[in-house]
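There are structures below to look over.
Each of the next two complexes has chain A plus one other chain: chain B in the first, chain C in the second.
Up next is the complex of A and B:
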């Protein structure tokens, strides 16, 4: 009988790395999403063009290619990244590009009358965005952000291929040491699924919390 | 490291080989995803509650776990119970199942969008279930689905590099083997990115055309 407790420890370590990656990637993705999403709505052509180029580039090539590029090509032009840095960078930039479109869509979904009311109240562009538009748009974005976070969690599996010791990597280690395939892979599938459930549950409760006090507001 | 065009032309034939496999995997995966998605979308309509619950849970599970781990599962676990699949077949099954759970949502929405009156009219005309589906519901439900389905097939195309992890010799794997032979990463990895970007941009154009052609149906 194999010593499963030791191997389970390995898998748990992997789970921690996966969670860490998901959290850091999500933070970067969130920042990029707002930068690029608001950038696409900018008054200035250059900013709009930059934001569009970023979004199209990262949505057009696959996360896998971006990760390999960050890890294998960047060192040749003088930027050496640890696997974790490369992973966070690729995941954050990739998912950020998808989420940027969510930000743009949500802001554009806010009705014209809200903007007109802001003008009537003599709010500046920034004030209108900060106090009127974003609070309403955030609620529209949240469910899709939740889906994006789950996509990010799933994409973290790819970093095992650049030798980062996440869940998938540890499952491969267990497989090669024990020769058993069913147990490690089933275990990590269940862990991934549980993490995805936690994310969707967290986003739902956050949504309920933010919707409080907005009854009667069209969202 | 310098960019070397001679090297680029030297490795081009190998990469083209990879592109062919990538496209083949995408096409086969799309066909499978279209079929699997339909099955998953129709399952909740079955009178057998056990079946519909099981299929629903499985779809949720597959959607919440990483494709890479699912590919490992198919490639490494199934041989233990006597099912030995060639890498490409395992990859196509993985892609098809994973994206089938996404296309299922497209089918479901498409079918739900057919007005109730159509069902009632079909019943009034004394059509049986098969006739109702093939002559009334499907012809109206499918055209609006086409752009959304194509969207997922493009997403699938971008996930095909994952197949390199289960030793399918597609574009990414060819590039990696070239890179490891000559120890030059810049050209192969950048070219892979360029290939994906170009094919994605073309497919976006195709998608826009599909949206114009099928997005709205005349009533």
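Up next is the complex of A and C:
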């Protein structure tokens, strides 16, 4: 029994790494999503082209290859990253590319009449975006952002391949040391699921808070 | 005789192959109240949208208060207006829309204070004090904290009017502001317009299908058809004794549809 509690300790350590990766990756993804999403709507061709290139490239190549690139190839051009840095970079850039399209779509879903009201009130482009369009678009983005965050959580499993001791890595350690597959992999299955539930729940309550007053009923 | 505050000189505008405005010219004097009437697609709304810089013109010139709207003079040359020039010109003009276009995520008072705070750098306290005065004027002071979704159409439109007034424009454009309202809510909005008409010296352009109101409100009525002004004159002349066949036909149809004149 004491032996098993040691193994669970390992898995819990892995869970912390997974959570850390998910949080940091999500922050980077969010930053990239807004940079590239707004970039795609820019007036300037160069910015639009850069944003589009980023999105297409990172959506169009596998996260697995991106991770190996970040960890094993970048050192050849003089950039050495720790496994954690490489993991956050690959996850953030990859999921950020998907989320950028969410940002763009949500902004474009806001009706023309809102932009026209901004023009009539003489708000500048950025003022209109910041005070009128984005607050409304954010509500449209949130549910899909929740999906993206869960995708990111699950994608963290690939970092075990560059020897980062996340949940999946620790489960493999436990498996190789005990010969038991059922216990460690069922445990991490449940932990992944629980983490995903926490994300869903968090996003949903955020959504409810932000939607307050918009439909005239809940205030 | 003072100079016109709006001077439109041979403007044309097409949407695709459809020519909405065809070499249109008109002038509006300061403080004048103008009613623009005519069948849909006749170009009357497009004029308001062009004056608010929501649509660009294909050709022609517009002067607001003696200054070119879509052009700016640089070293004796007329250039296309840049965003800064347009922003400066827009300060003179306000617009109220058919569908209110309130910001749904902001309370009534925040809808009214947003633009003064952002575009004029007005301190929030001052902006809120002025907003309350305006909301008082349109009879919406008790709903200052409400969200737009909690209001009726007529209430929304009154807030939208207060929001446009908060920037103190010299020219106000009203684009079918009662067309989206239930019949019993039309009057509360018209009452507000009436107060503005009699108590302020703003120049007002009203696109409307409320012929009775247009008659009482306007100093001058313009009848539009197919991108041109077919007939214009004092309300009594246009409504009681229209000279052009097309004006007669339009008014007959409108009256048959139950609008009082």
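By definition in this document, the second predicted complex is superposed on the first by the 213 of 219 C-alpha atoms of A that agree within 3 Å, B and C clash if a C-alpha of one lies under 4 Å from a C-alpha of the other, contacts with A are read in each partner's own complex, and residues count from 1 in each chain.
Definition applied: a residue touches a chain if its C-beta (ideal position, glycine included) is under 8 Å from a C-beta of that chain, and two chains touch if they have at least 3 such contacts.
Note that the coordinates shown come from a computational prediction; the quantities given were computed from them, not determined experimentally.
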Identify the partner contact of A:149: answer first if only chain B is touched, second if only chain C is, both if each is, neither if none is. neither
Once the structures are superposed on A, label A:127 by its partner contacts, choosing first (chain B), second (chain C), both or neither. second
Thinking of the overlay built on chain A, is A:77 touched by chain B (first), by chain C (second), by both, or by neither? first
Would you sort A:32 into first (chain B), second (chain C), both or neither based on which partner it touches? neither
Of chain C and chain B, partner touching more chain A residues: B
Regarding the shared-chain residue A:185, is it in contact with chain B (first), chain C (second), both, or neither? first
Just checking: does A:168 make contact with chain B only, chain C only, both, or neither of them? Give me first, second, both or neither. first
Classify the contacts of A:99 with the two partner chains as first (chain B alone), second (chain C alone), both, or neither. neither
Which positions of chain A sit in both the chain B and the chain C interface? none
So, in the complex, the side of chain A touching chain C is made of residues 113-114, 116-117, 119-125, 127, 131-132, 135-136, 139, 213-217, 219
Chain B - residues contacting chain A, complex: 1, 61, 64-70, 72-73, 76-77, 80, 158-162, 165, 172, 176, 179, 185-186, 189-190, 192-193, 196-197, 200-201, 204
Per the touch rule above, chain A residues touching chain B in the complex are 56-57, 59-66, 68-69, 72-73, 76-77, 150, 153-158, 160-161, 167-168, 171-172, 175, 181-182, 185-186, 188-189, 192-193, 196-197
Chain C residues touching chain A in their complex are 52-54, 83, 87, 90-91, 93-95, 97, 99, 101-105, 107, 114-115, 118-119, 147, 149-150, 163-164, 167
